[in-house]
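Handing you a structure now.
Order as written gives the chain letters A, B, C, D, E and F; numbering starts at 1 within each chain.
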Amino acid sequence: MFRLTVNDYVMIAHSLPHEFFGPAQQMHGATLSVEATFSRPELDEHSVVLDIGHATRLLNDALTPLRYENLDVHPDFVGRLSTTEVNAQYVGQKLASGLADLPEIGIIVTIHENPRAHVSYTVPDRT
Amino acid sequence: MFRLTVNDYVMIAHSLPHEFFGPAQQMHGATLSVEATFSRPELDEHSVVLDIGHATRLLNDALTPLRYENLDVHPDFVGRLSTTEVNAQYVGQKLASGLADLPEIGIIVTIHENPRAHVSYTVPDRT
Amino acid sequence: MFRLTVNDYVMIAHSLPHEFFGPAQQMHGATLSVEATFSRPELDEHSVVLDIGHATRLLNDALTPLRYENLDVHPDFVGRLSTTEVNAQYVGQKLASGLADLPEIGIIVTIHENPRAHVSYTVPDRT
Amino acid sequence: MFRLTVNDYVMIAHSLPHEFFGPAQQMHGATLSVEATFSRPELDEHSVVLDIGHATRLLNDALTPLRYENLDVHPDFVGRLSTTEVNAQYVGQKLASGLADLPEIGIIVTIHENPRAHVSYTVPDRT
Amino acid sequence: MFRLTVNDYVMIAHSLPHEFFGPAQQMHGATLSVEATFSRPELDEHSVVLDIGHATRLLNDALTPLRYENLDVHPDFVGRLSTTEVNAQYVGQKLASGLADLPEIGIIVTIHENPRAHVSYTVPDRT
Amino acid sequence: MFRLTVNDYVMIAHSLPHEFFGPAQQMHGATLSVEATFSRPELDEHSVVLDIGHATRLLNDALTPLRYENLDVHPDFVGRLSTTEVNAQYVGQKLASGLADLPEIGIIVTIHENPRAHVSYTVPDRT
C-alpha cells in the first residue's frame, strides 16, 4: 500500500450556534491546515500514487469554495453546523468527486484547526 | 470514519533497570508529548466525534497521575518497566475507562518522547 | 541574555476592508498561534527569566479579549485594521502593561496565522 | 497494537526523465526525511516494540546505500524511476530484510521530500 | 520593530568538491526550505510590513533561478561553492534587489537543509 | 551576518526544590531538545560558518555530561537549581570553551523543554 499526502490551508469565519459549543457559539474563525492523503495498492505507470501537481490541484479545487468565506452564510453549509469534522467531510467529498474515475484510490482528509487539536475523515466506499 | 486528536504533555522521571537499556538504566527523565486520537464511524448529534473540551479533559485526567512523578516509585508501575510503550498503554487504558459508556469510540495514544522517536498504542476490543 | 518563550492561541473572525487585501476583504477568520518571548539580561532570584506559570498567565490575559471574537466589531479595534501585525502589537502592548513593574524585561510577540507566514512585534522602549 | 517510529534523513540527487514530471526531469535533488514505523501486536520481553537503538540502526542500514548519492547512476535504481514512492518501497524492503527473523513486525516507511508533500509505503505480507 | 516571514522551498542538486566536505563531495541534493524575514520599524499605510502576496512573490522570484537546478553547472555559481550559507546569501541578495526601493526594510534569509541543521543570512547595509 | 544552527537532545531527571516551583519541586524529568546557533560576520575559507560535523560534535560534547543524568546529584550542579535557563547557560559555556580559539563566533543556546515553552541563552562577551 502506498500513500501520498499533500497540504494546503484556508481561512474561514463561522459560528457554532448551540450551547454545546460554549464560547464558540460566537462569530469567530479559524485557519484550517488541510492534508489530503491518497492511497493506492500499487503505483501507476509513472511509479507514483498520483502526480503531485495533480494532487495539489485536486486539493486546491476542493478548498476553493471555502477560501476567505463565512460558512454561516455559505450555500453549501445551509442547515448544518460547520464543525471541523463536517468541514473535513466536505473536503473529502469534493476530493472523491474529483477522483470519481479512480475509485481504487482511498482518500483521507486531516484538518488541523489549532495547535492542540486536529480531526480526520476517511471517505467511505473506496478501496 | 472520523477521528479527533488532542494533545497534552507530562514531565516524568524514571529509570529502566535492565542492561538491555544501556545508559537508560540510570535515573533520567522525559517530556512525554501525548496525543489521544478518538475514532468513530459516524458523528454524534452535535456533528463532532467528541466535544474538544471533553476530549481534552479525558486526556488531562489520564495524564494527571503521571505529572511531575518519578515512575520508579509510582504505585501504578510497581513491578513493571515504564517504557514509553507501557506508558502509552497506561494512558490508553485510562482513556478507555473514561469512555466506558461509549465503546464504539476507538482510542489510539501516541507519545513523542524525543525528537527522533515516538510510539503509539491502539486500545484493543473497541470498534 | 536569557529568553523565555511560551505559546497559546486564539481563533478570531475579521475582514480587511480595503482593496489592497484582495479576497481577505471578505469576512473570514484565523487561528492565531501566538508566542510571547520575554528577555532579561540576568536571571531572577529563582534562576529563571519569569515563572513559566506567570508567563503563561500573562499571555492568556493578553489574549482573553480576543478569544472567539469578531474583530470587526471589537471595541479595541475601532478605526483600525486588524492585520496580523496590528494584532501582534495589540498583544505586545497588553503584555507590556502586565509587566509595567519589570521594565528590564524585553517583549517580543510572534503570531503564526497560517503555515506559510508569521509576523512578530518587538515592544519598543524596553531594555 | 503497538507502534514504534524512528526517523533519519538522506540527501540525494536524481532526475525523473519523463515529460510527465515537468521541471523535475532536470537533475535536481532532495532531502528525504524518513520515518520507519514498526508495529507489533504485543510487546517483547523487555516491554518494547523493538529496542530504539536497534530500530535506529536498522533504519540507518537501510538508508546508507542512498546517502549523498546520485540515484541516476545508482546500481539499485537501474531501469527504474526514483520517485519518492519507489524510494519508500526501497527503504521498506531493506528494513524487511533486516527483520526477516521477526515477520510479526509490520513496517511502514514515510518520506517527507518537501514541506508540502510526503509519501508512505506499507510493506505487504507482514502481519 | 515589526517582522514578516514567508516561506517556500526549492529542490537542488550539487556537490561540494573539497575534501573538507567528506561524503558531500559527491553529487547529491537537498530540499531547501527557505524563510524570508522582512523587518521594518513602523508599519506601512496598510498596517502591514509588506503585503503577504508581494512578499511571497519576492521570495518566489528569488528562488526561481534555483528550482530543480544542478548548482554545479549553474551560471550564478561559477567559481563558488554552493554551501547552504552561500545559497542563503544568494537568496538574500536577490531579495535586496527586489526591495531596492525600500532600503528601510531589513532582510534575513533562513534555509533549513535537513531536520538537524539550518543556516541564516542577514543582508548587511540595510536598516 | 551568517548563522548556523544544529540540534540534539538529552533526557534528564531533576527536581526544583523551592516552593516557587509548585509541583516541579518533585523529582521529575524532561527531554531537552537543544539548538546551538553559531554566528559569524563572514564565512570561513570553506564558505561555511563552521563545518556541520564540527558543530554537531561541539554540541554533542557539551551535552554528553547531561545524558541520562539526574541533575540533583550531578557534580556540575551542586548548589544551583537546574532550571532550563541554567541548563542553557551550562551548555552555552561548554560550547564557548570548545570554541575558545574562535572568539569571533557568537553562540546562542535554545532549549525546548516541552511543547509550550522554550528558553534561550546568548553567551556574552563574544562578538
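Quick note on the criterion: contacts are C-beta pairs under 8 Å (C-beta built on N, C-alpha and C of every residue); 3 or more make two chains touch, one makes a residue touch a chain.
Keep in mind that this is a model prediction, so the values were computed, not measured.
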Chains touching both chain C and chain E: F
Homomeric contact chain E-chain F: same or different residue positions, threshold half: different
Between the pairs B-F and A-B, the one where more C-beta pairs touch: B-F
Centroid spacing, where centroids are CA-atom means, of chain B and chain E in whole angstrom: 41
Length of the line joining the C-alpha centres of chain D and chain F, rounded to whole Å: 32
Chain B and chain D: spacing of chain centres that average the CA atoms, whole Å: 27
Residue numbers of chain B (touch at least two other chains): 7, 116
Chain contact topology (line, ring, star, complete or other): other
In contact (per the touch rule at the top): chain pairs: A-B, A-C, A-D, B-D, B-F, C-E, C-F, D-E, E-F
Touch list for chain E against partner chain F, complex: 18, 20-22, 80-81, 83, 85-86, 88-89, 116-122, 124
Complex contacts: residues of chain C adjacent to chain F: 1-8, 43, 46-49, 51-53, 55-56
Interface residues, chain F side, partner chain B - complex: 7, 9, 11-14, 23-24, 26-31, 33, 67-70, 113-116
